[in-house]
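Note sheet for the following structure.
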Amino acid sequence: MKEELQKRIVKGPGGVDIEVEPLRDYYCEAPPTVMPAAYSKIVEDLFNWARSESIWILGFGTGCGAIEMRPLMTPRFDAYRYGIQWRPTPRQANLFVISGYLSVKTLKRAIRSYEQMQNPKYVVGLGSCTINGGMYWDSYNTIKRLDDYLPVDLYITGCMPRPEALLQGFMDLKKLIRAGNAEGANQYAENFKWYKDNQKKVIKDWDMPDYSW
Amino acid sequence: MQALYDKLKQHYALGELSEQRADLCFFTVPREHLSSLLLYLRDVEGYTHLVLLTAVDWIEQNQFQLTYLVNNRLSANDIGIRVLIDRDVASMESIHHLWPTAATYQRELKEMFGIDFPGSPRIDEDFILEGWQDLPPYRRDFDTLKYSEQTYRDRPGRVTHDPASHMKQQLYPDAED
Amino acid sequence: MEYIALTCGFLLILIGIYGALTQSNILRMIVAFTLANTGVNLVIVGIGYINGRTAPILDTAVPVAEAATRIIDPLPQALVLTAIVIGVGITALMLAYAYKLFTLKGSLDITAIKELKW
Amino acid sequence: MAFEWIQIPYALLTLFIVVNYGFILNALIAKIGARVGRRHGIPIWQNYLDLIKNYSIRSSITHGVMFYLGPVFRLSGGVGLLLFVPTIYSSVMFSNLSFAGDLILALYFVFFGTLGMALGAGESGHPFAAIGVSRGLAQVTASELPFALAVFSVALQYQTLSVTDIVAAQQGSYLNWTLFTNPIAVAAAMLSFLGAMMRPPFDVVLAPQEIPIGPPTEYHSSYLALMQTNRAIFPIAKMVVYMNLFFGGAISWPIFFLKIFLIYMVSVLVGVVFPRFHVEHSIRWFLVWAVPLGIIAIMVV
Amino acid sequence: MVDPILLIAIPLGAAFFLGLLRDEWRTSAYVITLLTLAFVSWVSSSWLLGFSLDKIAPVEILTAGSEPPFSINLRMGLNESVALLMISLTGLLSSIYLKDTLFRLGRRAMAVLLVFVMAMCGIVLTRDIFNLFVFIELTVIATAGLVLLSHNTLSLGAGFKYLVASQIASILLLVGIIFSYHVTGTLNIDGMAGMSNVLIQTSPLAFFLLFIALVIELKPFPANGWALDIYESAHPAFSAILSAATATASLFAVDKILNIGGDNWLPFATGIGILSFIGANLFALAQTHDRRLMGYSSVGQIGLILIIIGQRDILGENYFFIAGGVLLAHAVAKAGLFWMSGLVNARELSAWTALRKRPMLIFAFVSFIALLIGLPPFPGFYAKWELVHVLASEGRIALIVLILFGALLETAYLFRWFGLILRHEDEAPVVACPSQKVAVIYSAVLLGWGLGYIWGELSGFGNLLYTIPLLFALLFLPLEWLPAKLKNTFAIMGLVTWFIVQYPAYDPLQLIFAAIILPGGALVLLASYYNSGRRIGFYPSALWMFAGLSMLIMAEDSFAFFAAWESLTIGSYFLILRGKQSQPHALSYILFSLGGAFLMLLGFALASEGNPLFPLTSLASVASDLAPWVFILLAIAFMTKTAAIGVHIWLPGAHAEAETDVSPLLSGILLKAGLFGLFVLLINMGKQQLYGVELTHVLLWIGAISALLGNMMAIYQEDAKRLLAYSSIAQMGYALFGLALMNHLGWLMALMFVVNHYIYKSMLFLSIGGVAKRTGTKAMYRMGGLITLMPLSFIAVLIGIIAVSGVPPLSGFGGRWIFYNAIMSAEYRLPMVIIFLAGPIAFLYLFRLIHTVFLGQLKDEHRQLKEAPFWIILPQMIYVAFLMIFALAPGLALQKVDGYISRFFPNNGLNWEGLTITSDFGYWSPVSIMIIIGVIFVTLFSWLLFVNRRAQKVKQFNIVYAAERPYRPETTHFAWNFFAPYRKALGFMTQPLVTRFWDTVAELLHTAADLLRRLYTGDGQTYAVQLLAFVVAVYFLGNGVM
């Protein structure tokens, strides 16, 4: 573990010794919980409709596929007209597009960002690499199956998929959401241990809290 | 380039000159001459820019070859200086005092090849890989495929096609061979 | 006559002060001051002198009744006595200083006494 | 003016109208911006969807009490500002709660939300939030100055601080608008307006890529929903003040909608063609270009 | 009555008798010495009592059985008896002090001491000029003799130099005497005075020599190197005599001799006096040696008295009151200081830190420097007041300015010294204090206070020691041994009681200020309950300040006002000095304040045209050519207290470094004194014009610029208390601006600021002080995230900053609303621009304050902090309540005042009927605003609570960090250089030009002092040459006068 995450003793005012255990003191340790849907089906349907029509993507390009997402904002594709926009902070985003190969190092960041998004949240895997490793199938440093680590709602195939394919993927995602089938966040909370084990298996220097709130 | 080489040769035990292009040449030098040679090139001959520092694993000769590529901006020349070091005791003198940027390359080499550069800043910190526990991955005796299979789960049904034949099959399924 | 005394007196004062200011030996300074004091005394007496009169001693030579017209002003003479006494006192004190300074410092050079300044 | 209970539902009605108008107007503006870029842009009802979406987020986190209160302050500031200013001239229904105070109240109440938001953002503990606040506050000090000068000039011109009276003085003909009777003040105020609307070139506060949207970095779900609501109300409330002071107020809702739209368009027109200023540049810009106008305005009134 | 001749005969006889005793009988010799000196003191005091109480006539004592001029005569009068008592007491006390030394030196020393005292008595008593000479020479001999007895090379050298100089002086004197005698035919001083015309016309040189020789005995600057050496090297008790007694005697001699010369010679005295006063005080600035510094100070004080002697022609019957006041105060103080220096082992000023643990000695030291400078209630204060008024009535303004400048220089080094004692970083080890020495020092203190009492009685302006508030403050001196909590209770009760007692007497304006000062002060003092232990020095100082403040608002005449002003200045100075790092700031505070006070003195003196009891209301009727100048002087004086820009540099440090409960006292309460002064000034003088410039307009600009620059400076501070301090400058700028608007609402706004600023600044200083106490730092970037640990402090700061920034619904908004209404009818619009700019800037530093301290990232070392102590929180919560009440019903405090202001500005008042406050231009309903905002806020908050009910509480590093994570709170908390873009854009406005200016002034003075003092080369002969040159120079420069 990194040095700054190890326990240390700090001198407080008046000379008292204060023990700081960073992972405990700095981070919330609560595990994620399954969040129930709204009590009434009508409300939940309304919500799902709104969620599907207002997809906010986390602006985090994890791999080469990120380059294919830029054209979506251009006049040619104009994803905005479908209620899709990019947010710079995971707190406000509800869709995480893993755009291409994911090295272990980036996986760590992706997990952290995913966990910082709020329930309900969706993951779309972009390109072959997220599905089975793609051309990096034999790399020592790139994961092969994204769904081992994060609950993926939808894969978009291709290497790379064209923006049109992305748009199509988003349309499919909308359908999933509207049907109430995009419950990745709850799935993640339910199988939290499984996901964590998978994650920790490849991330050898796990130096973050189990769930990054 | 030849002139420079001849000049250098008088002082340093240089290996053979290989001129790859008119403005790029390589030669080897014993490790103990390296620092002095680089200093000379930097301060006297105007090779002020360290373009890169990289390594090649000559597992057959049980050697690592370090290549220090320096560039003279005014004459737009590059010289690659090769140093061969023993693969078993992979350690080399740091040149971060000549170019602070060298420290970064050296960190990378430490991580990827396991070549140590004692005294180089932050040499022991993780560079690209975080928490790597296996053999340094760029060593040729490291089997990346095996590692990958052990570490990452395959998705069943994955097949590999030759792109040319596969596309041919896809686009012109009826075409003869 | 009194002018000679006065002139001498002032001359002595000036010589004395000049000496005191230029001589760096403490003893010489003391001598110079004595000189100046003498000059002052001379001036005092000189001021009191009235031409053609006699010393202010009331004895048979000068009867009391004529004293006012025959004797010179007696007051400066009285003063000068006091002044001389005081002058002696101060000179003695200065000499004592000179002695002590010499025993303590081994020198009589006034320019060497500069520890206190500014 | 005195308080009557009926004013409460009237005020809520105003609020309702303005919120809806605000959502649609924001979308419309976004669409216009998109059209400049030859895109279609968002659907006109997109803001409603986003709002519902944000309320529909099931989980949320909190960094502390002030984090909670930040959006509340923010929206209270917007709603309060709107309600303290009469919306429609000569309408008892839509004079809102302006009996509570005059123009000065409106001017100072603007800061209520800013302050609360800044505090909430601060409590999130995020350095970017603090950087954003630092930028925003620094910029607002300079950009508010010409506005304050213009307001002062207008108040001097009409010898009153009552918004209603100022609007009343501009009735009759459009030539009675302050825009024509005191053009310098209006010019100063409109330059200040550019800074107040957080649009380019004065939007470095929210710089999305550099300091992920600044102060609201940590805000999400219903917090964000409140802030979105405020994004609909607050600019309009602010523009109501501008409209009342400089553009003759509005005697009916259609005129209100039109005037607000046009005023908004000023900042949009500037915004779509200019890149972004550094904070120190914008401070200097306001001081060099807008403030002298304001000074002239108060000197010549 | 005992024959005064015995004053000479008995010591002389005793001295001779001592000579007869065996050397071993030291005890008896010592007893005889003491008895003799006691006898002399008793005789003098019996005469003094006789003259002062029974009003007996002065007595001529004839010797040798004949009338003068044929014999020497002595005169005993009131003045003589005072001087004699002074001399003999100094001698007596010194010999008690010198007990060990005298035992060691033996009877010779005692005899010389007796002769010394005798000779000085002779100088005072004699009316014969030659006799005077004899006594002077005896003094010289005794002085040199006493010096000789000490076996110390340094003092030996000094003694010899002294003798050289004395020789020259005596030569001059003798020559002068004899020629004077020659011309006048008499040696009697009164006789010569009778023939003054003849003497001056026929032989001015003769008189000049007489005069200059006596002046030289006074050690005038710059012909005094020899004297300084004596001061520096002699035994302190001896220096005490030299400084106190010899100076008294010599001044007496000069005074007598000037009887001969007549009024034409007074300018000589004045000129030499001024040169000495300013020169010596200037040189003292560069001194690090304590006794030499006191030597310089003595020279300076003697110069001052010489100036006063030089004004004898216009002072009339006040002459002795003034000269005596300064002379006696100086004698007591300097003797006391020299005695104290005997307790200190090393000679650097910083060695006096040894006294730090001895509060009584500190008190003594304070009393002495107050005596020297002439602070109330000491004689110098009354004397200074009277002197300046007389001078002003005679139009000798330049002289006043010079005197005040010299006095300011003196203040500078004395208070710097005092500051060093209390606050120098190294503390010298405590030294042994033999009880007899300490007793001597304490008796000097008593004497000093006694003099203060007597001068108060004599002054005719009312004795300050009768004023109840000051007495109440003094009462705490004997109570110092009590625990602080008990004293605090007394203090609070005292403040509240005084308020209740005085309540009926206040008019609305006074009431506002009184309410802030008295109950307000009591409220702040609640925080002082936090302190345990005895807290020595706090209560006398604080209550002295409160006394000054409460007297200030009730003052009706200029004297009471000025006395109150100086009292509050001194009290607050001691309060400020209590801060650990506050020495330089306290010094600059006292310098600016006293500088301001001196200007006020000058202003009052000018205005009153010599009437020392000038009613403040008469400021309205000052002659029109003087009025603007008076206005400027008074305004600057008041603005030094409100810390307007230009004279503000004392404030930030003083407020920031002060103790937790002192900062609110200073900021919340003390600053209001300046505002009150400005109110008084503007009420009475109104608008003034100078060369066509409207002075209130200038004030307007100053106020605006103070507001702007104060705020600007505040946003760049890293120190929380400094930030608040700069904010105070700005807030006072606002208030000044409001006042200078010269209209109804402007004044109302100023008053509103008075109330508001008191509440929120006290509150903020307390809460920040509490935080600083807990965290052990004032640097904001070292804090952060304290909201959960110190929620109450946070609430106080939150409410405070909302109020300061003027955001509705809190009371700050009322101030802004009135402000806008006020400027609607203002005549000048340009300064408004600056005020407008200043307003939002306040927002910047306020946010920074709350953010960097309470929000953001909690630091590791603060994880276990607790909320600030209860007693610090309690007043804050009360303030919060007050703010709320004041926000809801500002009319409670303001309505009456509004009516009161209508007396001066009948128009544009506010209408307070109903819930809505209306002005000519607008309206404002605090209650409605509060309710509306409250309802909206609560509704939205409930809604958010409802929809967000399941929110997960997270910890400090659970933030989105571009997919990374923070490493340390220190690197995650954005706090340092918070407004960097602002600095880039407008940083040029906050160049510390003013600070640089004052630093340069101080630097120049110090450099000049340091360079010029090299005049004193240490060479006895050089000194003699200088002396002669001085004589010649005075002669030629004075030629025109003769």
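When the chains are written out, they are named A, B, C, D and E in that same order, and each has its own residue count from 1.
Just so it is clear, contacts are C-beta pairs under 8 Å (C-beta built on N, C-alpha and C of every residue); 3 or more make two chains touch, one makes a residue touch a chain.
Small disclaimer: the values here were computed from a predicted structure and weren't measured.
Minimum number of contact steps separating chain B from chain C: 3.
Steps from chain C to chain D, minimised over paths through touching chains, total 2.
Farthest from chain A, judged by the mean position of CA atoms in each chain, is C.
Chain E has the C-alpha centroid lying closest to the overall centroid of all protein C-alpha atoms shown.
Between the chains D-E lie more C-beta contact pairs than between any other two chains.
A centroid comparison over C-alpha atoms places C as the chain most distant from chain B. With centres set at the average Cα position, the gap from chain A to chain B is 35 Å. Averaged C-alpha coordinates give centres for chain B and chain E that are 77 Å from one another.
The mean-CA centres of chain B and chain D are about 59 angstrom from one another, to the nearest whole unit. Centre-to-centre, using mean CA coordinates, chain A is 70 Å away from chain E. Among all residues of chain E, those that touch two or more other chains are 950, 952-954, 956-958, 960.
Every pair of chains that touch is listed here: A-B, A-D, A-E, C-E, D-E. Of all residues in chain A, those touching chain E in their complex are 4, 8, 10-14, 16, 18, 20, 22, 25-28, 30, 35, 60, 89-91, 109-110, 112-113, 116, 208, 212-213.
Interface of chain E with chain A (complex): residues 774-777, 860-865, 950, 952-958, 960, 963-969. Note for the complex: chain D touches chain A at residues 34, 37-43, 46, 49-50, 52-53, 55-61, 208-209, 212-213, 216-221, 224. Residue ranges on chain D touching chain E, taken from their complex, read 3, 55, 58-66, 68-69, 71-73, 75-76, 79-80, 83-84, 97, 99-105, 108-109, 111-112, 114-115, 118-119, 122-127, 130-131, 133-135, 137-138, 140-142, 144-145, 148-149, 152, 155-156, 159-162, 212, 217-218, 221-223, 225-226, 278-281, 283-284, 287, 291, 294-295, 298-299. Touching chain D in their complex are the following residues of chain A: 28, 35-38, 46-48, 50-51, 53-54, 56, 59, 74-75, 78, 80-81, 83, 85, 87-89, 91-92, 94, 118-120, 185, 213.
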